[in-house]
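Pasting the structures in now, so scroll down.
You will see chain A twice below: alongside chain B first, and alongside chain C after that.
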Partner chain A sequence: MTLPQNLSGWLKLVLPWLLFVALLLLPVTSPSDNVIRLLFLTAVYSTAGLGWNLLGGMAGQVSFGFAVFFGLGSYTTALLMHAGHSPYFGFVGGAAIAMLASFFIGLPTFRLRGPYFVIATIGVTEAVRVIMNNLEITGGASGYRIIEDKPFNPLEHYYTAIVAVALAVLVSAIIANSKFGLALRAIKQDQDAAADLGVNPYTSKLWIHAIAAGLTGIAGGIYARRAGFFYPGDVFAFQTGINILLIPVIGGVGTIWGPVLGGVIFIIVEETISAKYQDFHLLIYGALLMLIVLVEPGGLIKSKRLWAGMGRLLVGLFTGTTWKALFALLQKLLRKLRFLKPQRIEGKT
Partner chain B sequence: MKILEVENLTKYFGGVAALKDVSFDIPQKQICGFIGPNGAGKTTLFSVITGAHRPSAGKVQLHGKDVTGMDAASLVKKGVARTHQVVRPFKAMTVIENVQLAVHYGRRAVTRTSAAREHAMEALKLVSLDHKAPLMASTLSLGEQKRLEVARALATAPELLLLDEICGGLTGAETQAMMELLHRVREGGTTIMYVEHDMKAIMAVCDRITVLNFGQKLAEGKPEDIQNDASVIEAYLGKSDFGGKKRA
Partner chain C sequence: MDAAEYLDLLLKALLLAGVYAAMAVGMTVVYGVMKIVNLAHAGFLMLGAYFSFELFNRFHINPVLGAVIALPVFFLFGMLVHWLLVRWLPKSDTPTLASLLLMFGFWLVLQNLAYAKWGNDDQSIFTPLTLSAVHIGDTISIPKVNLVVFAAAVFCMVVLQIVFHRSWFGRSMRALIQNPYGAQIVGVDDQRTARLTFGLGTAFAGFAGALLGMLYSFSPDFGRPFLLRSFVIIVLGGLESVSGVALGAIVLAILETFSTVIPFPWYHQGWKTYYLPPSYQPVIPFVLLVVVLVIMPKGLAGLFNRKWKTA
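Up next is the complex of A and B:
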């Protein structure tokens, strides 16, 4: 590995580790259970989002069917734990079953391209949900309960999720910098041209689909173990697949850190707005999605405006410009509302 | 020694025969030109041989082994590479990444990134694009994109290289340089099948020329024979009235 040449290179290398260590040390400050729960959910959804991003972002194959892998991860983990295995073995099992399922789904659907592939993934996820709703051994539509004989420990769940998201980031980074990652980027742009250089688009898609499914399966297992109770209308729901897709789109499709940022924003929106306005929380996501696609199609992580604005804001807090700007804004607003006299403009009478 | 044998190759698009019963052999280490009026089936021929399209009938043999209908990626690994008439660079990748991909997944199947980059740089030097290596492919001019297309195909280390109009949009000097490159590539042991509309270029560089018209083989032979072939002249220029009835 070569050492970075400039400051931003060093930052890119060091910041992720700082973040990781900070998250591991966070419980020392004894935060509230709710903070731990929110960070847990963020990590779980980011893991699934990072998985989706491998197929949808890097290889450009948009799938609406990732709820299948999330749900299979949940159920496999639960069934293995029920059979007396350790939950960690359950997560690995969940990943394995999700990967196996990804081949069954990918073998026929990757013969399709573009919108036809998208539609096929919608069909698959709906079919799987209906099957799970009617499957006797998992309790059908009434769901499944995980019973652990040791007391509930939120920190154990938290650490599992943090390690999972770190794993997902690591896998994404390794793939992005490998020759496989290069091939995936080529497939995203022009799969026939990629084939003319020796890349087999079909098998490449199958493999990245499997890796993506594995990560999503792990996320599903970790989610299910903390939730304790889940049902097909929850983990296999079409909405779950949409959420997993939404996270990388918000944060930045095809980037490594985009899905992590997307997960943070997703959970904030989910907890603050959608929980309060159950009736139209989908509307909020729709509006958010449109806003991002229109204003920052590359996702928020690539938004120069956002980062520059945040930087200015932080610097301004210390130098005073932020306060000045806020004051000016307030003045402008008050003038508009006629609370202050309109400013006289020179040269006009 | 024959590298490629094509027997009765036929390709229908709907009811239209783009290729009909085309047969020919390609001897090793030769530059074989393919010419013909627009719509003669030259590009279709290339697409069928390189696995982009499956033939409706007929046989393609590489080194005596049947490769009919094999997919493009497997053919590249067997040493068959092509360029496209309409260039298809990966615009969101740098110039060197475009070529590096071909080194990784071509016949050499280089795994290490640093080694692949070196090979890619060599290929870029051949088409004098090495100074553009770190730029995005979208910033290249059309002529440069055509050269990038050639560099990518060369980077797969092909035994049989199919070039589809690589000189379109190039200046006279650039065309000259490209012809010299083709000679060097051939001397390196690569057989070349070459489609071009620039007659001067193709007559100068090719050992043999095959003429296609309406999906069928019209003539085959040395460049000077083709230039004097009555049926070829007819296909390009129409029938001569000289010696027939006098003009009124």
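Up next is the complex of A and C:
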């Protein structure tokens, strides 16, 4: 491995580690339980989002069906813990079952392309949810309960989640810098051309699907262990799959840090705005989704406008011009809409 | 079960297929012309049901008439949506992630507005038609409301076919479906046609939603199962063909209706015949969807086309 040659290269190498260490040391400052809970949720959702991003962002295969892996991770962890195994063994088991399921789903559906694949994944989630609702060994629609014979320790859950998200970032970074990652990006850009150059799209997609499913399964297991109680209408819900998809889309599809940023924003929105205006939480997600698609299709992490605006906001906090800066940011974001013109058709016949 | 009971079920399945076809046809034209998988279709279906519900409750307008009124209203609404949102999407030959997410976001917004306006309760439209039935013989009884809904759906499909084949708008629509570049070269205004098509798709969604509202109870989450059924139907029909939709609707309706009454052999302490538990019936469309997609990605129509070409 070569050392970075300039300052920004060093920053890119060092900052993630600094962040990781800071998150590990955070409990020293004895933050409130709620802060720990929020960071836990952020880490869990970011892990799942990073998993989705491997398939949806790098390989370009949009799946609405990641709730299946999240739910399978939850249930496997719960069943293994119920059988007397350690929760960490449960997480590994959840990842393994999710990976196995990903092959069952991927073998037929990766024969499909583009919209057909997307539609098939919707079908798969709904079918799995109906089956889980009727399956007797997991308690059917009434859900499943995890009982641990020890006091509830939020910090343990927190550390597990932080390690999981670090693992997900590491896996993403390794894949992005590997030959395999290159093959995936080639498939995203042009599957036929990639196949001509010696990439096997089918097996590549299957493997990245399995890795993504494994990460999502781990996230599901960690979530379920803290939640203690879950049911198919929750972990297998279409909405869960949507949440997992929203996170990378908000943050930045195909980037490594995008899903992490997306997770942070998602939890902030979820906990502040939608908790306050519960009657409008779907509206908020919908509007956020539409705004991002229309204004910042690359996700927020690539938005120079947003970062500049954030800088100005920070300055504003000290100089007392926050509202002015916020207004300027909104104005800039909305100005883009006016310049958007219906575009000519691009691409091949 | 004897033959008359099967006939009864078959008739019910065919009547259901009429509504299914009306429901899926809007999605098909939008996909064909714009290559957008319209996830907001579910929202339009739901709004259609509430539209006729409101007309019925406030002005005591017959729900069938309400469904017909929904056509022009939703046509304008769809054009507005296209003008506000859809036209900003980058164009492409295949559905893009952006279009999926945009329409999904819009569906969420519609759903939330419906929750805010009508709440979470299940509503239903109850007319004198609802409980009366036509009896043929001893076993066959067809609810009148199904008959009326079927007639309305078929009538509108026929009107759509006429528009499709006998008007300039229909011709430009078909041209864009067949070859977008060729169509633009010979002077089809693609933006205008796309706007009108989206309006048409939305109008049919609202219409079908109003009809479905007469058959089932509905809540703001009403559209979801029907969205997936629409997918199955248009995939069976080959995504772009309107006549394929009718075929797909019939196949789905028959499979759904008969899934729980056809016994299948199963090994559990010796071979026995079992019936599919009714609670698993919702799985049928999704399993069918995946199976059909994998076996014949071009749909039934594609299968026939291939046969005809080789023959």
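Criterion: the second predicted complex is superposed on the first by the 310 of 349 C-alpha atoms of A that agree within 3 Å, B and C clash if a C-alpha of one lies under 4 Å from a C-alpha of the other, contacts with A are read in each partner's own complex, and residues count from 1 in each chain.
Please note the rule applied: a residue touches a chain if its C-beta (ideal position, glycine included) is under 8 Å from a C-beta of that chain, and two chains touch if they have at least 3 such contacts.
All of these numbers come straight from a predicted model, not from anything done at the bench.
S.K.: For the three-chain model obtained by superposing on chain A, do chain B and chain C clash or fit?
M.R.: fit
S.K.: In the superposed arrangement, does A:133 touch chain B (first), chain C (second), both or neither?
M.R.: second
S.K.: For A:304, select first, second, both or neither according to whether it touches chain B, chain C, the two together, or no partner.
M.R.: neither
S.K.: Considering only the touch criterion stated at the top, classify A:119 as touching first (chain B), second (chain C), both, or neither.
M.R.: second
S.K.: So in the superposed three-chain picture, is A:190 touching just chain B, just chain C, both, or none of them (first/second/both/neither)?
M.R.: First partner only.
S.K.: Could you tell me if A:249 is touching chain B, chain C, both of them or neither one (first, second, both, neither)?
M.R.: Only chain C; A:249 stays clear of chain B.
S.K.: Between chain B and chain C, whom does A:199 touch in the aligned arrangement: first, second, both, or neither?
M.R.: first
S.K.: Report the partner of chain A that touches more of its residues: chain B or chain C.
M.R.: Between chain B and chain C, C touches the greater number of residues in chain A.
S.K.: Identify the partner contact of A:182: answer first if only chain B is touched, second if only chain C is, both if each is, neither if none is.
M.R.: Touch status of A:182: first partner only.
S.K.: Report for A:287: first if it touches chain B alone, second if chain C alone, otherwise both or neither.
M.R.: Second partner only, chain C.
S.K.: Note down the smallest distance between any C-alpha of chain B and any C-alpha of chain C in the overlay, whole angstrom.
M.R.: 5
S.K.: Show me the chain A residues, by the header's touch rule, that chain B contacts in one structure and chain C contacts in the other.
M.R.: Correct list for chain A: none, the interfaces share no residue.
S.K.: Show me the residue ranges of chain C that touch chain A in the complex, using the header's touch definition.
M.R.: 37, 85, 87-95, 97-98, 100-102, 104-109, 111-113, 115-116, 179-181, 184, 190-191, 224, 228, 231-232, 235, 277, 279-280, 282-283, 285-287, 289-290, 293-294, 297
S.K.: Under the stated contact criterion, what part of chain B meets chain A in this complex?
M.R.: 50-52, 71-74, 76-77, 81-82, 84, 88-93, 97, 100-102, 104-107, 109, 111, 113, 116, 152-153, 155-156
S.K.: What does chain A use to touch chain C in their complex?
M.R.: Touching chain C: residues 56, 62, 108-109, 111-116, 118-120, 122-124, 126-127, 130-131, 133-134, 238, 242, 249, 253, 279-283, 285-290, 292-294, 297, 337, 340, 342-349 of chain A.
S.K.: Going by the contact rule at the top, pick out the chain A residues touching chain B in the complex.
M.R.: Interface residues on the chain A side: 179, 182-183, 185-186, 189-190, 192-201.
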